[in-house]
Each structure stands twice: as C-alpha cells, then as structure tokens.
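Look for chain A in each of the two complexes below; its partner is chain B in the first and chain C in the second.
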Partner chain A sequence: MSDASVVATLVLIIAIAVLVLLILAQQIVHRIKRRARLVLRPACELAVAEYLADENASVPPPPRNNREHVVLRQVALAALIELRGRERARLTELLERTGVVARTVEELAARRRTRRRRAADMLAEMRSDQSRSALVAALDDLDAATRLGCARALVELGDDDSADHIVEVAAAEADTSPGAVGDVFLGIAAWKPSLLGEAMSSTSSRGLRRILASIIGELRISDHTALLRVALTDTDDELAARSARGLGLIGDDGSVEALTQALGDARRERRVRTAAATSLGWIGDRRALASLRTAASSPDWAVAAASADALVLLGEERGATRPDTEGGLTVAAA
Partner chain B sequence: MKILVAEDSSTVRRLVATRLGADGFDVIEAEDGEQAVELATAELPALIVLDKVMPKLDGFEVIRLLRERVETRSIPIVMLTEQAGEEDVLDGLDLGVDEYMPKPFSPRELSLRVKRVLARRASA
Partner chain C sequence: MHAYVVFVFVYFLVFAAVHAALLVLALVDIRRYRSRLLHSSLRRTVRSPLAPPISVIAPAYNESVGIVDSVRSLLALEYPTHEVIVVNDGSTDSTIETLVEAFDLQEVERPTPPFVEHKTVRAVYEPKARLSLLVIDKENGGKADSLNAGINFSRYPLFCAIDADSMLDQDALVKSAMPFVEDPERTVASGGIVRVANGSRIEHGRMIEPRLPRRAIPMFQIVEYLRAFFGARAGWSAVNGLLIISGAFGLFRKDVVVEAGGYRTDTVGEDIELVLRLHRIMRRRKQPYRIVYVPDPVCWTEAPESTRVLRRQRRRWHQGSCETLLLHPGMIGNPRYRAVGLLSLPVLLVFEVLGPVVELSGYAVATVAALTGALNPSTFAIFLLVAILYGLLLSIGSIALEDASLIWLDGVRLTTRPRWRALGRILGYAVLENLGYRQLVLVWRVEGFWQLARGGGWGAMERRGLAATPQ
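Entry: the complex of A and B
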C-alpha cells in the first residue's frame, strides 16, 4: 500500500469518526433540550389550566426564553385540539398576548420549508386574527405544502376576502397532493359549501373533480346533486363511481334514472355499476326494481351481488344463490 | 367530593382537574387504565371522568373491571372521548356509562355534566 493510500484511508477514517461524533453530540443536545422542556411542561400546563378555569384570571407572563416559548406553544397546541367554545377562544387570546402567535407568524418566513409548513399547520390550529395577513401572503409561498397549510389555516379562520385565492391554491395541487387538498375542501365544505359547487363546475382537473365528488357525497351536500348527476356521466370511471355513491348517500330520488342508466351500461367499469346499484338500494325507490333485477343476473359477479343486495333493501326476498365469490354467480334475486 | 380523572394526555388531565378543582371537587388523577382501576378501588371516588383511549387498559375495559367489583360497581362514569360514534355510545351505555362528553369539549360544560350526574344519583 502506498503512502498516499494510507493517508487517504486515515483521512477517511477520521472523517467518519468526526461525523459519528457530531451525530452523537447532536442527539445528546436534542435529548438534553427535550428533558429540559419536559421539566418545564407541568408548570406550564398548570398555568394554562388555571387561566382557562378562571374567567377573571389575568394572562400569564410571556415566555422568558426560547425554551419556555416552545413549551407554551406545545402545551397550547395539545389543548387547542381538544377544546372548543369560550375556553378555546381564551387560549388563542393567551397565545396572541404572550407573543406566541407573532413568533409563529415569523416562522412562516423561515428559510427552511419544513419550518414554514409546520408554522402554517400550527397557525391553522391557533385560528388567530393576528396571523391572517401573513397567511394570505404565504398563499404564494414557493413550497406547495406550505401554500396548502396556509389555505387550510385561512379556511379555519373563515377569511372571506381570500376565498377565491384559497380555492385556486388548493385546486392547483389536486393531482399532486390529493390528501392535503381534500383537507382544505373539507374545511371549505363546513365554511362555504357553495364554493365546492363553483369549483366543481369550473375546474377541468380530473383529480379535483374526484375529490369534490367524494366530499359532496360523504357530507351529503344536497344542493350539489345536479353536479353529481353530470359527473356520473363523465368518461372518468373513478369520478362517475364516486358520484354514484354520493347520490346514494344523499338519497336523491331525482337521480334514479341516471343511476339505472349507469347500472345498465355494460361499457362502464365494474366500480361505476356496483356503486350505482348500491346507491339505488340506499335511495329505495321502486322504479329501480326492473333494472336491479336484470343486473342481479349480470355475468359480472360484483354487479350482480351489489344489485341483489340493493333488491333486498327495496324489500325483495334474497335470491337462493346470491353470489359471493368471483365466478360463483348464476342467479341472484328472483 | 372526590372525583377521579383518568386521561393519558397530561394537558387534558390538567385542564379537567383544574376546572373540577375550581368548582370545589377533590380531584385525583390517573394516567392510564390500570392506574384508574387501582385508584378507583382504593379511593372509591364519587364519580370517574374516564377517557376512552388510554394505554394499558382502555376506557371500556376499565368499566368492565369496575363493574365486576361490588365496591366500585355503582360509581357513575362520565366518558370523555373523541370516538362518540353510535356504536361506541351504545357499547358505553350498555356497560353503564352515565354521560358522554365528545371531544373537542369545554371543561366548563364537563364540570356541569359531572354535577348533573351526581345530582341525578343523589336523587335516585
């Protein structure tokens, strides 16, 4: 082995050792900080609880250092999730008056996007008016998750002025972050359900239409049944299936004809036809009997099974050979 | 009057205990199901505020154990839970839960419900 390679090996070993030491040191520091916060936590929990238990109590003094600030914020967030009503509002007020909201707002401008995302999530839980303008500005953040977090926070705040901007931000990420976008629209459904209809009518995004169809159905927003009926005829089978299910959940008897058409359309995917059959059972309108009886003899076992189940909901006797396994079907409800 | 608060979140436990304390109750606390059974048996509280989801034993298991013992069988229970679905409520009522308090909740309202359950028991 040459001198040069010996030196290179030594340098490599030393570098690895230094790296391991640095990681260990970081872990130790992290543990010490965590332990210090755990020590502070009981007193902080008591101060917050005493403040909330007494309407006349004055706001506790602001945190004296970063550690106290972090602990107060942790305790408050743990409590905010569990509280509602006057006590929740008072806790938000406490966070405003102790500077916790202001400091979290500052973190919305942090260099690291993970800090910005976390700040947006925390502000969504705090629901403070003090954060409104910063959240609106951060709807244009470079990071999509931060933008969505801010959109959700503004929905929680019920910020009417930025409603269109919120929808725009969420709609833009429907194909890449359906879960987070769904959260934003779930909030919108509770706040301004009419926006869901507007978004459903105006968007060309397949992903967004799927999300909206699910939310409208699961939350039984009957004002938007017409939109679901249109979506039921869409060439996107996933959207059509979700729309079919939504119409059944809403129990819309005006959709019986559209659902029977979907059920009888052999070109449709199985998921659309089974969802249509199930929904017809839920709606319970006897106009669907003939179509369901025909579909109960379908060569597709899933369609036949769903139709047989729907027929039982409509008061028919269960057939002698209800299919329950693929290929096991012959005749369902008679 | 002694109340046992069994809740694994220290923050929620403190909120509830402080509220009940401010309303004149003597509060004892348990942070898991096992501790709740031990304290209920040893201290025989007038009422238990019980979280459904807890480590070691969940709220329903705690109730089953307490209902098996003569001395703890009749202690009223207010269940604090985020899972107040129909099945959960029916299961709880079947086991003998006196009142449900779904989360998110108001500690003030919880305290009023505790008083109402105690008054109901006293007049029974």
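Entry: the complex of A and C
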C-alpha cells in the first residue's frame, strides 16, 4: 500500500503540474493572439471605414497572413450587422475581392464540424454570390447544424433555385432542432412567405406545423389565416394554442366562430382556451361577448381570467366578471 | 478499526473516480456548448419573434438600500420581451416606499391568481409610466413563498428566479434563454454561473470592473464556486442529471413549475427540491426533456465575508440537501429517473450529504489508528497527502476548465486587471483551502444534520450590499 501511495502521490503531483502548465500555456497563447489582433484591428477598422465612406476608394490590399484574415473577417462581420443597402453590398464586395469569402467557403469543407457550422453562419452574414454553389452543396453535409446554417445562408441570399431543397432540409430537422429550423423559416417568411403556406399544408410533421403556426402568427402573415383556422381544430393542443394566438395577433375576424368554439370546448387544454379568449379580446369582435361572459365564470381560473381581460378589451368594465379565486384554486390544485 | 480505514480508502477511490468523470463530462458539455454557439446566435435570439417572453421575479426582503438600482438594472436587461416582478416579502424597512417613490408606482386592483399557494398579498403596484414592472407587497413567508407569488402574477411562459441583491450581466437573460429558443418544448429549466462579486467595482446595480476580493473567506468561496459550476454542474448537465439550478439565477418553464405545485415553503433547499420535482414530473409525463446548465450567463452575488454568516449558509445548504433527499427517497437509485435516479442522487447522498461525516470520522479514526499503532503513521500521512493532492487536482482542473471556457466563449473574466496575479491568487487559495478551511466547512456541514433535526430555518444573511460596494 505504501508503494502504491507513493506512486499515487507522484502521479497526482505530475497531473497538477501538467494542469497548471496547461493553464499557463493557454493564457500565453491567448494573450499573444489577442495582442496581435489588438495591434492589427485599428488599422483594419480604419481601412474598412475609409473604403465604405468613399465610393471611389480602392479596395484595401488582401490580408497577408491568417491573422490579418481573421481580423478583417471579424471587423467586417461586426460591421455587416449594422449596415444596409449599398454600404452592405460594398462591404461584401470587399470581402469577395480580398479573398475572405473564398477562405470562408473553404472552411465549409473543413474536417471539424464546428468549423463548418461557423463558416455557414458567417456566410449567412456575408451574403455573397461567390458562396452560393458551395452552400448548395453543403445542404447535404453530414452535420444537421451545418445543413441548417447553409439553408439559412441561402435564404439570406435569396436563392430561388434551391428553395425547395432548403425547405426540405429544414423540415427534416423540425423535431430535433426546432430553434434552428425556426430561424430558417423566419428568413423564408421575409423572402418567400408563400413557401410557409406550402410547407404547412404539405407536411405531416407535428413539430414543423407548430413552428410554422408560430411564425405565421408572430409575423402576422394574413395570407395564411386559413391554414391557422384549420390548425386551430387540430387534435394537437400545442398547435391549436399557437394557431389561436396567431389568429388573434393577425386580428382575423373571420375566425371568431372557431375561436369561440375552442374557448367553450372543455375537452381542450387550458392553454388552447386561454389563447382563444385572449385572441378574441385582441380581435375585438362583439360576437364573442356571450362566449367570453360564460367563460369568465369558468371554474378554470386561467380561462376565466383571460376571458375577463378579453371582455375589458371589448368594452366591459373590469370587476363585473372577476374570476372566482376559490373555485380556481380548486381547479389549480386538482 | 482496520476495516473502517479500508472503507474510507475505498470511499475515497470511488469519490475520486466520480469527480474525475464529472470533470471530463464538464469538458464535453462546455465544448458541445461552444460548438453550438455561433457568431450570430445571441443577436438572432435578441431579435427573434420566437424568443419566449420572460418574467423576472426578484423576491426582496429589507433591500431598501440597493433595490432601486437592482430593479433598474433588471429592467435594462437585453431581451426582446421581459417584465420585472419585485415581490416585497413583508420587509420591515422602507423597501416598498422606496420603490413606490423611485418608479412612481400606483396601487392597482388585481385578483390573486391561484396557481400556486403563498401568503396573502397586501397590495399590487404598477408604474404610472409604460414600464414592464410589477411590485407585489405580501406578508412575510420567505423566498420560496415570494417566488410563488411572483409566479402567480407573472404574465409570461418563462420565469427567471433571482435574488434581488444579485446582479445579472446585461446579456445573461439572452444566454440563459438560448436553450429555450433552440429547443422550446424539451427545455424545462436552465441556469447560468454564479460568480462572487465581492471586491468588484459596481455602479448602479451594474458590474463595472470585476475584481477579486481581498479577504480570504470570499477567495475560498471563489474556488468552491468554480469547482461546483465547472466541475460538477456542467458535468451533470451533460447527462441530464442536473439537480441544482441556483436560487440566485435560474430560468424555468412556468407551466411545468405550476404543475409541480411551485416552490415548497417548508424546506430551506427550495431550489434543489424544485429541480428534483421537475425531473419527477417530466419522467411521469414520459416526455423527453432537459434541464441544462449554460456555462456563460453570469449572475454576480455577494458571498459571505464572515465565518459566522458562512457557517449559517453552509449549515442551511446541507440541511436543504438532506431535506430534499428525505422528501424524495423513492427517486434514489430508481432507474425510472435515469441519470438523476441512478447517478446524481446516489452521488448527492453518498458524497455530498454523508461525505462530511465519512471524511471527518476518517480523520479521527485514522489518527487514533496511527497513534495506537494499528496504522502505520507514514501510510496515514501519505494517504492524507494523496487526498489533499486529489482535492487540489479537482480544484485546478475546474480552474483550467473555467479558463478554457473564458477563452473559448469570450466570457467575463474574474478580473480585468493583469490575469497572472489573479490566476496566481486563485491557484494559491486552491492550495490553502485544504489547510483548515475545507475541514471547517465539513464541520459546519455536519452541524447541518443537527439543524435538520431541530428544524432550523433560513437565518439572516448579513450583506454589505452590492450596490453599496465601495468604488
């Protein structure tokens, strides 16, 4: 045991020393890189600003090494967020002519998936035609996040030819990466809103329909209210609740009847009924008064409270329909 | 006696293996997080119409000194839609009057929603101006009770529970909400890292310059926090076995918490107990879910500076862990709860709850054995050295992980001053904590059992106040 303990002690001392050296090495490398970038950055920012300020300015010389390339890309990406129109296009042109876009495109074929994901993300910001074919090819990448990143980049580029492929790639990941798929469809909503309707009516994926219902509602895309009305009657309560909210946000007075039905349907989950009540308030159609008054005395406190709030929006006085707290408590506890 | 010494030795080996595995898992988790974090992630979240709105709930008890700055800082958080709900928990100072005056509040008539139970609400205040702020004045019932009141009055599907005297970084809400944006239906709760703010420069409820504290007690706690967050929570998060979302900063899905019945008011470990109930409910629902630790949203908190307050805090924490296990004994070792039942809870029981008893008794028995000749004194000394070195290895491993994550994620450093000195100090305190501090904390944790038997409560946390930190 004694020998083993001595060995263990030595191993631990070596492990601690290695870790400390690792921390120090990490710090040194980080500091060197950071210092070099801090030195390069002001000149790079100045060159980019001068180029953007003067339409006749010539393109700055391309980066001479990897460090300069990284700094130029960082500066450009930070600027692209703020820029619009002609200035944005000129900066993208600068990135193309200095070879930054080409190098980022090369990274789309990197072995490490993190690099590929980041490349796709950066290309989405750059919106360069030079990256189009590489992005289309990378829609078949092995990594789902890279595929979705490329789909988003192509949406930003407005690539009509690959629209169906983009929708297909995004739809396939709706259940596993709903957030990233939502981002792709948010872009599609701004580019080709009709694709949202097509995807909603053709898909059988519950996850995708939920995402699309949210986007249609939150972006108030009134062309697709008919799809939301259908989704409101779906057996999936989450989809129905999102559709009910969407119809309210759009202010679709054609869905008052469907919403009052959802509100009065005791088999529906609380979230559907409260969303229906809230939306009826937002729509402001007095045809809903009777249903809301009934629902305002519902034993479910949340439904009653949402209905009471909706009645206020419809011109009723607050207090006349205050929900029964005790009754609600019973329901909540149950 | 010999058998007990062997038991302690085996116990130590298992402990070492578990914590080494957690450190490796933490590395995996942080790298995974890094690979998902893209250049545009935060900006897209901030602008996304799909980002779920959040109610930030801040319970306040006698916080009149710093409450206005805290609320202003919360209202200014970077997030598309959020409201701030301050719950005045029957303060005996002028907390409510200060708020009313500073934000031009008016009393409004609001029925109390009944989703979770809490003490009676005396009044509800809203600002006259368009400000997403709601102030609830209720009878004193403790932090958990106040959070329940906040949940009842919250309008949004997610709520963020924080301490009124803690400070969130400007982007902390966005970062902690990212798992909900990425995977809204499976994510149930998320928590960020809590850092010690003592010694830092703070102005108007905002961190201006992070610095290390001068005193030893908060420095030791910095090492402990790094070990807890980078060595344990990130590791447990990797296997969906996270048991604690810190009470100082956690984001939760309201519908699941309401279904769970809200925070329990009869335990001092309400944060860990709630997370355990969330695991229970989601397993019962048979729905895929995740409770995640996000390694870079930062919440700054004031750590105790005196041994008296620290002792009280550690006894309370230990009591909370014990109470939680007593409330959910059926989950321990139960395969139905996967990683939580089979790994996290047994580790909590064996190494966290019983650990102090085993370790202290190990010191005592081995000392007696060495003195009576039953154990070779040099073997005892080497074993003690190995144990201390291993503890040091875990601490330094966590520091290395924190350092790497700061570089990878470009996070908030513990200090903006030259890092070498700060790093040296942290490493130094990682060594020093083994020489007395650690043993002292073990004794306090054992006292937690006594407090549990007596049914002790929260006790008062004496704070100097972050907002009032000398510049």
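Convention: the second predicted complex is superposed on the first by the 294 of 334 C-alpha atoms of A that agree within 3 Å, B and C clash if a C-alpha of one lies under 4 Å from a C-alpha of the other, contacts with A are read in each partner's own complex, and residues count from 1 in each chain.
The rule is simple: contacts are C-beta pairs under 8 Å (C-beta built on N, C-alpha and C of every residue); 3 or more make two chains touch, one makes a residue touch a chain.
Since the model is a prediction, treat every value here as computed from it, not as a measurement.
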| item | value |
| --- | --- |
| If touched residues of chain A are counted for chain B and for chain C, the larger one | C |
| Chain B versus chain C as contact partner of A:Arg117, first or second or both or neither | second |
| Chain B versus chain C as contact partner of A:Val59, first or second or both or neither | neither |
| Partner chain(s) touched by A:Ile81 [first = chain B, second = chain C, both, neither] | both |
| Common interface residues of chain A - those touching chain B in one complex and chain C in the other | 81 |
| Chain A - residues contacting chain B, complex | 41-42, 45-46, 48-50, 52-54, 75, 78-79, 81-88 |
| Chain C residues within the chain A interface of the complex | 34-36, 38-40, 43-44, 48-50, 109, 111-116, 181-185, 255, 258, 376, 378-379, 382-383, 385-386, 389-390, 392-393, 396-397, 399-400, 403-404, 407, 419-420, 423, 427 |
| In the complex with chain C, residue positions of chain A that touch it | 1-2, 5-6, 8-9, 12-13, 15-16, 19-20, 22-23, 26-27, 30, 77, 81, 113-114, 117-118, 121-122, 124-125, 145, 149, 177-180, 182-183, 186, 207, 210-211, 214-215, 218-219, 238, 271, 301-302, 305, 318-319, 322-323, 325-326, 328-329, 332 |
| Contacting residues of chain B [partner chain A, same complex] | 9-12, 14-15, 17-19, 21-22, 103-109 |
